[in-house]
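Submitted below is the structure of interest, expressed as structure tokens.
Per-chain residue numbering starts at 1, and chain names A, B and C are given in the order in which the chains are listed.
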Amino acid sequence: MTAIERYLALSASELRFAVEELYADYEACLNEERFEDWAEFFADPCLYKIVPRENFERGLPLATWLCESKGYLADRVSAIRKTAVYAPRTVRRMVSGIRVLGWTAAVLEVRASYLAVETLQDELTRVFNAGECRDKLVVDGGKLRFREKVCIFDSILVPNSLIYPL
Amino acid sequence: MTAIERYLALSASELRFAVEELYADYEACLNEERFEDWAEFFADPCLYKIVPRENFERGLPLATWLCESKGYLADRVSAIRKTAVYAPRTVRRMVSGIRVLGWTAAVLEVRASYLAVETLQDELTRVFNAGECRDKLVVDGGKLRFREKVCIFDSILVPNSLIYPL
Amino acid sequence: MTAIERYLALSASELRFAVEELYADYEACLNEERFEDWAEFFADPCLYKIVPRENFERGLPLATWLCESKGYLADRVSAIRKTAVYAPRTVRRMVSGIRVLGWTAAVLEVRASYLAVETLQDELTRVFNAGECRDKLVVDGGKLRFREKVCIFDSILVPNSLIYPL
């Protein structure tokens, strides 16, 4: 039995369990600022996009972030690590309402709400960004990875401090 | 085996899985503004109530929202769709700490915390409303639906913009 | 089979289910202000600590809260109940991204993100405190309890109103 066959054979509750674990691991990777591990959550090629809801709904191509390969994700991380023009901050991501919408061929569609809160040094924690993830997962190297991760945020405003991935 | 017998026979973890799926679907319905589908999450008759904690604890009858049938829920949705006197906004609901308290006869009691964040056009996302859901679920038409959904919010203030359901 | 053997024999998904239930019960105990029940979530002796991230990362011993036994937890609760020098408020705790890291001997390591929102009387709800829990669980008296619960909050600021436990 191949890895994909094993995943396709999971019951709905077992699959939900696997997806919940993946999302918790993904959140922790970013919340703990282990950015160098981030690209490993993706298949290659991939689509990683952060886009305001209005642009998404109108089908406008403009995105706040757009990466189309693991190499591109790694480049973004290098840029984050090398740049220090922004004030130190912690971003914490929370996820709710994970929905496993099911397999289409070997692609698993998952949606969830996210909320990111931000803490600047010497300031209290505040809401930073909220929205919906519309993700497509594949089995790659024996485990679930993101073929697509699209974060559609509720605000029309682009936070000028969208420095770290969501 | 009838639908209710199938639900009563579920293990604790299978039942939790079914409840988590229901709550994720309910959140998504409202977060995606599919308000016309909202009444389908309820049995008929039903009780849908949003009430400040102080009123709830004192047993005061005053509620910010009160609907007692699916028809009433649908009426509220029509009113939302027809009215445009308020500024455009997105409300996103997150849920945490779902507790399946168990069956009493054919009624399943569930509680959870919720947090709603709001984004007005051209503004950043902010906390809107938080509180607890005290819900009673029944098996109706072969699936779990709300017989009662009571949202008890922590603030004494009634947000003047409680336009959309929680 | 002893209680600890039963827990060690659980599948990954059954164990996650048990941990999710524990965290939901813990949140509800505090959110509903049943502070007198709080100590029962801990083994004795225990370590309960709330600490700013910077102190945690630097290994500084200074903590905002520190309790090392169930008796100490109970003392804190008595102090809360007897003191009324602070404005009435509701604190609601939400949890996301629960990760069950596994057993080391008879100790289960669990991590999660938390967000606490606060509502003062006559004010709207606002973000209060966010961070990560790094917990160690043991089987004690037949159920999972906290041997250690360390809440590492993202802000360097100590909220002057950290009156209630997290």
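As a convention for this text, contacts are C-beta pairs under 8 Å (C-beta built on N, C-alpha and C of every residue); 3 or more make two chains touch, one makes a residue touch a chain.
Because the structure is a prediction, the values reported are computed rather than measured.
Two copies of one chain, chain A and chain C, touch each other, and the residues they use overlap weakly: the shared fraction of interface numbers falls below half. The angle needed to superpose chain B on chain C by their Cα atoms is 120 degrees, rounded to the nearest 5.
A straight line joining the Cα centres of chain A and chain C is 27 Å long. In chain A, the residues that reach two or more other chains under the touch definition are 13, 94, 96, 115, 127. Taken together, the chain A residues at the contact with chain B in this complex read 12-13, 16, 53, 94, 96-99, 111, 113, 115, 127-132, 153-157, 159.
By the touch rule above, chain A contacts chain C in their complex via residues 13-14, 17, 20-21, 23-25, 27-28, 31-32, 90, 92-96, 115, 117, 119, 121-127.
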